[in-house]
Amino acid sequence: MSHPPLLSAQDIACERSEHTLFQALGFELGVGEALLVRGGNGRGKTSLLRILCGLSQPAAGAVHWRGAPLAHVHEQYGREMAYVGHVNGIKDDLTPLENLRLAADLGGRVLDEDAAVAALERLGLGRCLDLPARVLSFGQRRRVALAGLVTAGALLWILDEPLTGLDVHGVALVEGLIRDHVLAGGMAIMTTHQPLSLDGLTPKSVSVGD
Amino acid sequence: MNLYRYASPATFHPLAGRLVPWFAALAAALAAAGLYISFFVAPTDFQQGEGYRIIFIHVPAAWMSMFIYIVMAFWSAIGLAWNTRLSFVMARALAPTGAMFTFVALWTGALWGKPMWGAWWVWDARLTSSLILLFLYVGYMALQAAIDDPRRADRAGALLNLVGVINVPIIYFSVKWWNTLHQGASVSLTRAPSMAQTMLWGMLVMALAAWMYTIAVALVRARTLILERERQTEWARAVLKEEA
Amino acid sequence: MLRFLIAVIRRDILLAARRRGDWLTAQFFFIMVTSLFPLGIGPEPAMLRTIGPGVVWVAALLACLLSLGRLYADDHRDGSLEQLLLAPYSNALLALGKAIAHWIINGIPLLLIAPVLGIQFGLPADALAVLVLSLAIGTPVLSLLGGIGAALTLGLRGGGVLITLLILPLYVPVLIFGAGAVDGTLSGTGAEAHLSLLGAVLVMALLVAPWISALALRVSVE
């Protein structure tokens, strides 16, 4: 990979209520690369992802996107990065399609409805397009959030445990989604406790809190 | 001199420890002198008799209640701007003392009001604003108490404190405006009739005593807060072991 | 920028429309609280006319606080607040949009209900007009300042009660100028001065509150 790194983290440290979770953590990530964050429960994987999103500040160190600190490129980063956290961030009272439309509105994009329906169908939600998310199962709601990644058109995906709550079929679908995205010149950062198989793609990895 | 050195908790803790007895002693001496002036030197007021002597407590307490809130806002602003943890600790350490002085000002105001106006409580502009100031202190402390994570508690409290301090003049103005429009309660606590020179001295000395007391108590409280937060560090453990 | 603001406002209105039960609670609270005062005080018309403006205004403050508790709480729980904060626009714009949406959803209904309640208290027509006008200028301030409180108490135990403790003291000027305007009309001293002061408070709140709310959201989400 000869691309210059787009995302770089230098010497970042994270503290949670007087505890140091990790420190001196650093990595670089360029296009066509994926990063797997490893570490046991409570070691700061989620905290690291939230720092990489710009939702929280590291206790030390800095994260740069295209060479600029995250705080300075909030708006550009917001367009180029998509985050799916522990909770899905979808509204229970809206249907899957309405949720995607809402996300597009807030991101300043116009939703391509056909593409959105295709993304939802690809994730096996074809039958639930008109149901409010409230009546969907946990795994189905997870899929709605992940379908949002496809329609967001972001370069970098940051995924916190994307495979939780998915059945075997769903896991395979999401693995395929991530793989296609990265191989097409995207970037992905994720945590997972489950084995992840991305054919033809070896993610970089970084460990927190050893 | 490197000021940042004193902003480090490990340096501040012992330094504050050495300063506390001095401020406490000064507070005691000044309070003794102030009380002597107020009770024995200051003349009996020909209109209000002996009862007026409560202003030697009331007026300094009212001054301090307002002043401490502003000092807290100062520390909060510094903390938010430069991310210095000690500033948040100072703001937090001052709050209970500020609330205490506000309460004292209200209480003594009521005690004074009874013989002067024949009522414990009059919706006078100053009393009303003091009451709202007490609410602001209570809100700040309640917010701090509700948040477990000290980092969040610091910042959230500081933001509330800043919103409060922007609002204090507006509140004060609105209450005064409200007061002049409604009843003609022209009696005002600080418009004491023809203040004698010695009365002014008594109040100033008492105010200084309140100052010194505030500094001493805030330092003691800040020391405890620092130890609690830094208990993971080497130096804090050493201190705790020594004190145990 | 304006597009994002409109997107946030439309989003909240859409969500409120899907949950009409929640929305009606605050409005009925407003009606009930004001109706309790005559029962507690007695039905003498002169007395009711004197306390009317104050009662309606105090009830409006409380009704507003009741709905503010949920301004960010639902979005925080389902994770959509994070998505909103990460959107490619300034967080202050988000806070402004949320406050405007809150005002449209909860403030405007108060304006429509208030004249009816004013009639119950025997307010004359000109006082009713001033009451609505003062609420129209004052309730946006309640939404803006309340947004700060909602952001600060996000996810805390007892957040709903805490927010009243934090925010009610800050509402004092709005209450004084708002109720004062109606009083001024009743007593013949005029309402202009009160209304212009209320307007000044609104301008200040518009300039300052969204930024502080944005900072508070950041602190609370971290």
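To keep things simple, chains are lettered A, B and C as they appear, and every chain counts its residues starting from 1.
The rule is short, and it goes like this: a contact is a pair of C-beta atoms (placed from the backbone, for glycine too) under 8 Å apart; a residue touches a chain by one contact, two chains touch by 3 or more.
Note that this is a predicted model, so its numbers are computed, not measured.
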item	value
Farthest-lying chain, centroid of Cα atoms versus that of chain B	A
Chain centroid nearest the full-protein CA centroid	C
Higher-contact pair (C-beta pairs counted), B-C versus A-B	B-C
Chain A-chain C separation of Cα centroids, rounded to whole Å	37
Centre distance in Å when chain B and chain C are each reduced to the mean of their C-alpha atoms	32
Rounded Å distance between chain A and chain B, as computed from the means of their C-alpha atoms	49
Multi-partner residues of chain C (at least 2 other chains)	222
Numbers and ranges of chain A residues touching at least 2 other chains	none
For chain B, residues contacting two or more additional chains	151
For the chain B and chain A complex, residues of the former touching the latter	148-151, 229-232
Of chain C, residues touching chain A in the complex	3-4, 7-8, 10-11, 14-15, 18-19, 77-80, 82-90, 221-222
Interfacial residue positions of chain C with respect to chain B in the complex	145, 148, 152-153, 156-159, 162, 165-166, 168-170, 172-173, 176-177, 180, 183-184, 189, 197, 201, 204, 208, 212, 215-216, 219-220, 222
In the complex, chain B residues that touch chain C	80, 132, 135-136, 138-139, 142-143, 146-147, 151-152, 155-156, 159-160, 162-164, 166-167, 170-171, 173-175, 177-178, 181
Chain A residues touching chain C - in the complex, by the definition given at the top	50, 53-57, 74-79, 81, 83, 85-94, 102-103, 105-108, 132
